[in-house]
Structure formats: C-alpha cells, structure tokens
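Structure incoming, see below.
For clarity, chains are labelled A, B, C, D, E and F in written order, and residue numbers in each chain start from 1.
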Amino acid sequence: MPSPQKNAPRHDGRKPNQLRPIQYRTGIAPHAAGSVLAVCGRTQVICAASLEERVPRWKEAQGIPGGWVTAEYSMLPYSTHDRKVRDIMKGRLDGRSVEIQRLIGRSLRAVVDLEKLGPRTLCVDCDVLAADGGTRTTAISGTYVALKLAEKTLIDAGKINKSFLKAQVAAVSVGLVPGQDAPARPLLDLDYPEDAAAEVDMNVVMTSRNEFVEVQATGEEATFARGEMEALTDLAAKGIRQIFKLQRAVLTG
Amino acid sequence: MPSPQKNAPRHDGRKPNQLRPIQYRTGIAPHAAGSVLAVCGRTQVICAASLEERVPRWKEAQGIPGGWVTAEYSMLPYSTHDRKVRDIMKGRLDGRSVEIQRLIGRSLRAVVDLEKLGPRTLCVDCDVLAADGGTRTTAISGTYVALKLAEKTLIDAGKINKSFLKAQVAAVSVGLVPGQDAPARPLLDLDYPEDAAAEVDMNVVMTSRNEFVEVQATGEEATFARGEMEALTDLAAKGIRQIFKLQRAVLTG
Amino acid sequence: MPSPQKNAPRHDGRKPNQLRPIQYRTGIAPHAAGSVLAVCGRTQVICAASLEERVPRWKEAQGIPGGWVTAEYSMLPYSTHDRKVRDIMKGRLDGRSVEIQRLIGRSLRAVVDLEKLGPRTLCVDCDVLAADGGTRTTAISGTYVALKLAEKTLIDAGKINKSFLKAQVAAVSVGLVPGQDAPARPLLDLDYPEDAAAEVDMNVVMTSRNEFVEVQATGEEATFARGEMEALTDLAAKGIRQIFKLQRAVLTG
Amino acid sequence: MPSPQKNAPRHDGRKPNQLRPIQYRTGIAPHAAGSVLAVCGRTQVICAASLEERVPRWKEAQGIPGGWVTAEYSMLPYSTHDRKVRDIMKGRLDGRSVEIQRLIGRSLRAVVDLEKLGPRTLCVDCDVLAADGGTRTTAISGTYVALKLAEKTLIDAGKINKSFLKAQVAAVSVGLVPGQDAPARPLLDLDYPEDAAAEVDMNVVMTSRNEFVEVQATGEEATFARGEMEALTDLAAKGIRQIFKLQRAVLTG
Amino acid sequence: MPSPQKNAPRHDGRKPNQLRPIQYRTGIAPHAAGSVLAVCGRTQVICAASLEERVPRWKEAQGIPGGWVTAEYSMLPYSTHDRKVRDIMKGRLDGRSVEIQRLIGRSLRAVVDLEKLGPRTLCVDCDVLAADGGTRTTAISGTYVALKLAEKTLIDAGKINKSFLKAQVAAVSVGLVPGQDAPARPLLDLDYPEDAAAEVDMNVVMTSRNEFVEVQATGEEATFARGEMEALTDLAAKGIRQIFKLQRAVLTG
Amino acid sequence: MPSPQKNAPRHDGRKPNQLRPIQYRTGIAPHAAGSVLAVCGRTQVICAASLEERVPRWKEAQGIPGGWVTAEYSMLPYSTHDRKVRDIMKGRLDGRSVEIQRLIGRSLRAVVDLEKLGPRTLCVDCDVLAADGGTRTTAISGTYVALKLAEKTLIDAGKINKSFLKAQVAAVSVGLVPGQDAPARPLLDLDYPEDAAAEVDMNVVMTSRNEFVEVQATGEEATFARGEMEALTDLAAKGIRQIFKLQRAVLTG
C-alpha cells in the first residue's frame, strides 16, 4: 500500500499521475499550412507547419530521395515573467533553444515518411507564448497536430497525394520531485515550480505504436537509480497515451 | 459631385473610407504586464508590454530623470504565405523591421509621460502572427491598448502610483491606389493587395487630442502632389477617430 | 502682421526661412562613377555613385526588367564631436542608419527610370564627414548631383546610351523650434542645436516637377497640429526650390 | 541460448559487449590545470580543465554560494575526413556542439560539489582531434580525469583546500545496430560506421556510486521498445564500470 | 655604371628613386581633434585623430600609468574601381584591414610618449578615399600630421600640457618590379600597377631620429636575397627623409 | 672582442645564438592528409594539412590555372596560463590571429607551385596547444613538415602525381632583449619572457634556397638602427639553417 504522503495532492491540486488540462486551438496562425495553439496548464506554445518546395543543400548533396523536417523553437520575449531578450539582440541563438529544436526535429522525423513527403521541407516553428514548464513536450505534442492539419491542407491543395505521417507522436515530462519535508516522488507533467524543484527530470517522446522515440533523463546536480528511471518511464507512458486521445479528438472533432 | 468610379466598392467590398473589421483580444500573452492580439481584417499582431526596473545606459548617462519606452517589431516566420526566415538565422535584424520599431517607439513616447513613469523602461513587443497589410499601424493602435492594460496592472500591483499615459495614440495607413483601368483614388486602411498596388502610401499616427505624432508619406517609384497629401491626411484622421472609439470600447468594456 | 519675435534672427544669424550656405564640390572620390562633397553649413557628406553590372537576386527572381538603386549611409567615426564607434566594431548596423539609407534609396528611385537604367545597380554611398544637423537631407540633395555626374560618365563610356534621370530630387528639413522664452516657430534647414531643441522635425523630399516623394513629420515626445504641418510643408517647398537651382548651377557650371 | 548471429564478431573484430581500447594520456596541454588526451579506438579528444577565480554573472546574481562548472566542445577542423569549417568562419556555434557541451556540463556538475569548489569556475574544454564515433562520451570520461588532475594541481598550489569531486563520472554509447542481412542487435561503444548504421543510439552517463546522471536514447528516423531500452541500459552500465577502472588506473598509476 | 635599363623612366614617367607628388590637406574632418587628407599621387587617405578620456580595459587592468594609441583602417566602398562591399555588410572585419591597422597602431606608438599622454586614448582613423597603391604607408605618414595637429588642439584647449610626440614617423613602400622584358629593379613608392607586378614588396616605417620602427618585406609567391633587401632598405630610407621634410613644411607652413 | 655580458647565458641557460629544443611529432591528427605536433621548447603547435578538391571563388573568377594554399591559426583556450576565451564566444576573429594566419599563408605559398598543385586548395590549420613565445614561427616551420607529409599521402593515393613543393620553408624569431642592468643584445628564438622584454622583435621566414620570404621587424614602443637589423637578420639566417636540418631529419628518418 502506498504511503499517504506519496499520493498527497500536488501544489496545484493535481494527483501525482495527473496531466494538466490540455487544449489544441487550431488555426492560430492562418497563413501557415497547419497551426495550433498548444495549451498545457499555463504553458502556451504556437505550433505552425509550413512547406517549402526544396530540401536542404546537404540533403540534396547526399542524393538520397525524399524530403526533410526541420524545427525551430523560440521563446517570445513576453513568455516569461521577467522579459527575455530576443536572440537577435544578443546576436546568438540561445543554447537551450538549440538543444530543444534539435529534439523536436528528431521527434517529428520519427513519424514522417520522408520518401512519401517527396523533395520538400516541412518547417515546423514553435514559439512559446507563455512558459510554465513543459514547453518542449507541449511543443512536440502540438506540432503533431499542426503537421496533421498541414498534411490535410497540402493534400486538399493537390501538392501532396498521400499521407506522410506514419503514426502519432507526443511527449511529456516526468520527474522526481521532493515535497516539503518529504522525499522525492515521481510526478507526471511538471509545471515550472515542480520542474525547478525536481531532482531528476525526464522527457519522454513516444509514438502511438507504443514505441519510444526519445528518452532524456537528466539529474542536474543529482543522480538517479535504475528503478527510479523505470518508474518514471511507466508514468510517462501512461500520460502520453492520454495525450494521443486528446490529439485524435481535436483532429477528428 | 464625385464620379461613380471614385466610390466604387473595393476588391473586398469595402467603401473607400471604410476600415477593415478591428478587434482587440486582450490577455493573449498572460505573462506580460499588458497584452492584446490586435486584429485588423486578416492582419494579426501580438502586442505585449513588459516593465523593466531600469533605464537604458545612455539615458542614465544623460542624467535626465524619468523612464523610457522601447519597441521591438518582428514578423513570425509563419506570418507570410511564403515562410520568412528568422532574423537570428540570417544573423542580422531586418532593415524594414528596424525602421518600423523605431516608428512604434516614437509614437508611444509621444503619449507616455516619461517623468511619471519613473526610472523604468516599458518594453513593447509587436510580433506579427499574420500579415495582410497595415502591420505597423495595427501594431501602434494595439500597443496603446497593451500599454493601458499594463498601466492598470502596475498600478494594481503598487509598482506605479499614477497614470503615465497622456492620451490615446492610434495609427492607420492610407494610399493612392489605382483601380483596373481607373486612375488612383484615396483609400483608407490598405490591405496587402492594395498596398502592393498603391502609388503613394501614407502612415499617419495621431493622438486623441487630435494632434499628429508622425506622418510618413512615401511615393515608392512615384510622387504625389500637395493636394493629394492633404486629401489622404483627412481620410486618415477620420479613420483614426474610429479606432480611438474601438480602443476605448475594449478598455472600458 | 507677424510678431517681431517670429522673424528674429536665429542663433547663427539666419532668417527663419533661410538655408545654410550650400556647396557641391565635385570629384571628391575620383574612383567613383560620380561623386560630390555636399556641404550644408558645417555639415559635410561624401556622396558617391558606382555602377554594378548586375541586379539584386530578389529583383532578378521577380523577372521584371530594369535595374535597381541602392543606398548606404554611414557616419564616419570622426564626424561627431565625440568619436562614434564604427558599426563593424559593434557588430551591427546602426538602427538610425538603416532608417536613413532606406529613405535615401526610396528618394532616388522616384527619379530614376529603372527600365532605362537596364539590368544594372546604381550603388549610392553617403558617408558623413562632419555632422551638424540635416545629414540625411544633405545626402539626398548631394546624391542627385553624384547620380547626374555618374550618368554622364556612363554615357561617355558607352555603358549606357540615354539619360535615366527623370527629374531632379532634393530634400530639406524644417521644424518647429522654440526660442529662449519664446514659443516654437517654423524654421528652415535646422542645424544641430536647432534640431536638438525642435518639438517637431520634418524631412521633405521633392522632385523638380514640384511633386513630393517623401514627407516624414515626427514629433519626438511631442505632437503637432494640421496647420503646423502645412506651414512647415510650405517652408520646405520654398527651400527645396532654391536647392534645385544650386544643383543645376554646379552641373551646368 | 543466444543465436550465433547475436554474438558474431563486429566489423572490427570486437565482441558485442566489448569496449574499444581506451587510453588517457595525461599532460597533453601543459598550461591547463589538468589535461588528458582521451583515446577510444580511433577517436581522440583533448580534455583540459582550467580554473577562473570568478563565477558567471547569473550565478553571482542568484546569491547562492558556491562555484560553477562550464564546458565547451568543439571539433578541430582536421578531426574529420572531410575538413570541417571552423565555427568562427561560419559566424555561429554548431548546433550539435551546443547540445553536446550542455550534456558535458550537466554530467560534470553531478559529481562536483559546487559549495566546496568555492566562488570559482571550472572551465572544461573538449577539442576533438580525431572523430570516429563516441566523441561526446569519450569527452565526458576524459574530462573526469582532467578534473581530478586539476583538483590535485589546485590543492598542491594551495588554491583549494579539499576535494570537490564527490564521485567518478563516465559515459558510454550503446545502440541497436543491424548487421548485413541480420536484425539489429545491442552493441557497446559504437564507432562511426556502427553509429551511422544504428537504428537506436543511446548515451549513458553514470557515477561510480552506480547511479545515472543522464540517459539519452534517440531513435533518429526510428523508434524502440521498452525492453530494448532496458537491454541497452544494462549493456552501458557494464561498459561504464570498466571505464571507471581505467580512470582509477591512470590516476593512481 | 648602371645599365640604361635600370634607370629607364617608370610607366608614369618617374625615376626609380622618385616619390609620387605628396600633399597633406589639413582640416578635412573639422570635428576631429586633428585631421588631414593625405594625398600620394592618385592615392588619397583621410587621417583623423580623436581623443577619448579613458584607456582600454586591458590597459587599465595592467595598472601601468599612461595612455594608449589605437588605429582603425578602412577602405571606403568607392575607393576602388570596382565598388568594395562594406565590412558591416559582410559581418566581419576584412583580414587585410586588420593587418594594416595593427601596423599603423604600432608605428604611432613608437613616437608617442604614452606616459606624457596621460590616461587617455588617441583614436586614429584612416579611411581610404581613393586607392592606387601605398595606402598603408600614406596612412602612416598622414596620421603623424593629424596627430601633431591634434596635439596642438589639445594643448590649446588645456586638455594636455606638453607635447607627447617624441619624433616624426613616416613610411614608404619599395619593391622589386620587373619591367617589360626586363629583370626586376628596385623602385620607390609603388603605385597600384607596380605593386601588382612586384616580385617583392617592402614597407618601411622610420622615425626622424633615423631609426626603424617596422620593416615588412614580403615575397608573395616569390623570394628575395639578402642584398636585395638591403638595397630596398636604402631606397626606402632616402624616400622617407623627403617625406619628413614635407610633413614639417605643412606643419610649420 | 665581445664583452662577457654579451655572451652570458640566457635565463634558461641557452647561449644567445642557440635554438630551443625542437621536435616534430608526426601523425598527431590522424584524419588530416599530413600532420605534426611542432614543439619548440615549451611551445607546442598542432599543424595539419587537408586537401579540398576546389579553389576559392575569387581564384576561380580570375581564370588563372592552379590551386591555392590557405592557413588558419588559432590559440586553443588552454594554451595560455590564463584561459583564453574562444573567438566564437566573442563573435569575432582575434586581430592578432588574422595577422598571423595571413603571414603563414604567404610563407607557404612561396614554396608551393600552385600550378602543379592543380585546381585544389591546401588548407593548413595551426592550433596552438601551449604558448611560450614563437608560436607563429613554430607554426610555419611545422606546417612545412605537415605539407610534405600531405604531399606523400596525396601522391600515394593517386590524387596528385608530382611534388608541388619547390623548397623547404622555415621561420624563427630573433630580437634585441635587454638583460638585468644590461643593454639589449641580439637573441635567437625568443621564449615568452624574452619576447615580452624585447625592445625589437623580428620574424624571419626563409627557404632552403637561402632566400627570404618574409622579414618583419617590429619595434613596439621602440625603434632600431640599420646595423641592428642586419645583425638580427644574420642571427636568424643561422638559426633557420639548423631548422632545415631538423625538418629533413624527421622527413627522411
């Protein structure tokens, strides 16, 4: 039997294995091929997919047929409580943004059939409108919806003649978070105060075929045991299954 | 008596002196001190105001009391039909954006009492979500609403103890636009196709005290006569008065 | 009858509607196709026009025949009393310079027949040697002279076979400037102390066909009424007509 | 009983669970506080640790006592068969390098007691001299040796008076690699040809206390099952234990 | 007896040991503390000296009393027959310019008594208005004149109370230049066609105390013998003595 | 008869005309076409040569047959006692590095037959591993060895069919260095303390045909007489002859 402590409500009233309220508001960027405002609690990310009728030079040079998917991630200056200086003002891309946009790109490429896409580039932009933890995972789950919407637009416009998406992809964060005078326990979908307090933070990306795309477990100034990683992985997998349902609901709704 | 041609409906059905439908959706960026999604027809601009408890170095060096207002303008990559490369990817700020953000800054400083603001900086961000002409004027009219909302937030939070806004400020574009087989005629609030066809383009910024802050009339590869400038100025002034009403409606609503 | 105050001499002895002494010293940059040192009082700007036998990529992509005119504006480090750090040392183009060079480019394109120019780019460089107010308007008036000289060089060299200049273009600044214990009054061709004191500053660009190319009226931290704008426009138009005479004198002299 | 296929020798003759030959040649950079050339098969990384008597500004601003550890990773132009252009020539830091240096920094901070380090910054540089797969894990294992050597130098010099290293840290890559006409099997310590062929690639960082610091499993254009991730984790843990022995051997030898 | 070939007139009619006509037109940049347009044949360089009441940070950190002299060199876009793109447009300082401005700085520091200068920085700017060979040596000789003029301005203004210049400094180029069907011979003060044809190019900087400050002999894709270097050094020394006279003439004139 | 002072041993026991111990450790960068760790006393420079099957665009545009040699020089962050910030972190190439890499490039081009090289670029990289004076001359002498090794690799690989190296090239520094209470005397191959104390510093580059490629004599805040320059040149020439022997020994050994 779990200790009462272990199931005590979180600072915002959620249960340990409960997601924040998630919404996908479609059409936020009307000029994109597909777009959605992905909302997860107080976190909000604009996800937009555009199509370019060319592939990157290095891809072309390789001579392998098929397209490419590229992602860019940026925090709008007013997404944080203290205004964040724009990258262009500092003259360099933020290191954390680079890391995140590479993760998003890899996640999407796992479910896009690049050959079916043809010699095109899907450009996925994720701009954080409000940051309260989980922006990278919210961006991944949201960009799937934007990609699916873009796919429909492109098929309707006759630019593409078959689906290039092999499965759904979604992501969630989990972590070991200590309570007040209490040992760390596994929590699903960390918000910013939980993320800041977490001893271990893990981002999990899965497909709707129940396979993993990416698992990143990090103990910033801390470490974790094998069993803890497995418990967190279980928790994440359950959360992601719920997100898949929400994605399907908005796309078929 | 004006010719029928002169009053013929525009390509989207509007009358020559008619604004596009304008909306201010407040709270778009919940972490900003004040924010609004300014919508003008198919043009959409996120306007957000943040407060920093310091002034720029050059201002400090001058030793003049009071604060400062700074503006940044950027087009999100998916705001145009062909995706726009981010400035940070090109490594330099777009020339047109520089020009526009300087205009927005000057416009706002005309209605902010910098002494009452105290030793603080109001940072105003304008990010274009969808571009269909008139993004700079939509940004100016929208940022006034964002500033007014920010003022309330800051007074409520006890950070500022009196209003620093001396008047409303708003802007509109007007232009001389030729029709199909018809001479150019003055039109209010140009959308993108009208702007692209215009022989003369004019941006007018006014305060609710019926004074001008900025008038920029430009004949790109064309010129204009004194009388034309005056007719355009009249048309703009009428349009701006309607925008003032819309600003007040949303702020008191 | 105007008050004596209104016609009182200015700090340098000029009448309110009097230009500073203007000179165009041709050939300042012997390797350029056309060049002039434009001197307006204590303001000095090197204006040079060069020809490149290609058009910008975006122009080529549009498929519209004809050439292009591009302008660059820069302040030499020793043009101001306190040495100005070069842009390359700061790693970014100065915002004010961007705004000015866009204005110069638009002004020149209004009088250049791009089709007659053919698939070439006229590059106009304006480097400020000494700044005492009115550098952008001095640059515009000077570059016309440089362009006319370049046109002659290119025709003489057989590179171009007919004039591509449709009219003269010139510019001047006007402003509402308060005196000591006196209300603001309209003044022509502001020098630096007048520009710094001005409540309203207006730059007017006209062609010798008596039409406007660009009107930019700005109330930095101030505003202006309709009548004031009209009085300033009149004053500017008169000043520009004198500049046209000076341009013609040096070109036919 | 495992199939013969599963235990067939690898392209370089290694067993599936066999590391490449690893060496730590100390003192490669004589001016650093501690340095080592970490060699893993044909991969070679210069790892050097320097001490700066200050902390980053953001750390200082936070007011938390203690120091910081920062890492930089770069590939020397001649580390790859086709010469790699230097970042400074392209004007931007390589995205992959950013991702890797953030990983190295987090890994080291997990074993450094920042309070014992005092108000200082340990700067760890990793420059790849030859790249043949596993450069990031070779860098992490090598920097531990460099840090331990630097610790001794600093204690000997009286700059620091006690050990700030809480445990050893090391890393290894594992992956699911298909053979010729054979299904993918788990392999330890991938070299470049194996890494390029891998369906799933996993980097594991552990401490000598048998705990994880970072686990990054990535299916570039592929996915993986829960059981596969666990098998790979086991394989990695065994490899890392051997690396800990090699680190101790060189440090006590 | 020298062969007739050896003393044959040069392509512009000069004798082998003859300088081009040199002029120093003072006051070219009226806002600088001292300025001169240095003209050497068809080469023209604006040389301007400004004073900043501070020293560079690294100098301050060293704790050595005294000031500093810094130099910047740039080619104006219209100084060459084919327009030269500005450094800021390419985003990086030209390599050749870096090399030259370091040479100019070292040359001037050899004759400035940094202690007498006091805690100030002399900023010397050299902007090439027209390039026809010898721009770096023309810049060095010209900046001496600008520095001497600046010294007078600063003493007159009471900012400095004694001369900080220990001697005159001047420079000239010499080279081994082959003729049409004739072997290379030593020539003084190469213009652009001679410089382009030279097998060996040598820049010599000397003080009026008959000592050398800098000697740079370069055989781009060629080499030279000991005796040739000595003959060139003699030729340069004679030329520089004439330049010292010209400098004195303009400063005392 | 020289004074005893003049032949007194140097701070490290060397005679005035004695080189530091020099070694060339070949194969330091196994993926380069040719590489060497050039060691000169406590100075260590990685020299690596790579081949690219193309020429720079400007070379191609000139239409002259043959290849090119380009050099890059960089100090690794841990090469100095106080860690040196990487250029990419400051966003600009170090001025001193630019000057040095241009010198290295010119030196190598003096002994490479560009026509025999064919339409290829030899990229030479010099990364300083430890700096104790003489890094640029150590780099030049070392890159010759790297180039010779690369030549063999390329001939063996059938990429090139004949030698493109016309002669050996090597470099050394000499200087006038004052002793404690003793006048300056000429010393060969300055280490860092000697270089810092030197009144005059001279870098000499020669070929094995006993000709000069480059002579750079610099009196930073000092000057030198004709006789001193000649004495230094003699001293350098003798040192370089010894380096040629060491180069040959390692290449034939």
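Quick notes
Here is the rule we go by: contacts are C-beta pairs under 8 Å (C-beta built on N, C-alpha and C of every residue); 3 or more make two chains touch, one makes a residue touch a chain.
It should be emphasised that the depicted structure is a prediction, and the values quoted were computed from it without experimental measurement.
The distance from the centre of subunit D to the centre of subunit F, each centre being the mean of the chain's C-alpha atoms, comes to 34 Å. We define each chain's centre as the mean of its Cα atoms; on that basis subunit C and subunit F are separated by 52 Å. The distance from the centre of subunit A to the centre of subunit D, each centre being the mean of the chain's C-alpha atoms, comes to 27 Å. Shown for subunit A are the residues that touch two or more other chains, namely 91-93.
If each chain is drawn as a node and touching chains are joined, the picture is one closed loop, every chain linked to exactly two others. From subunit A, proceeding by way of subunit B and on round the ring, the chains are encountered as A, B, C, E, F, D.
Of all residues in subunit A, only 28-32, 35, 42, 44, 46, 48, 50, 52, 72, 74, 76-81, 83, 86-89, 91-93, 123, 125, 127, 129-131 touch subunit B in the complex they form. Across the complex, subunit B is touched by residues 92-93, 95-96, 98-99, 101-102, 106, 109-110, 114, 207, 209-226, 229-230, 233, 237 of subunit C.
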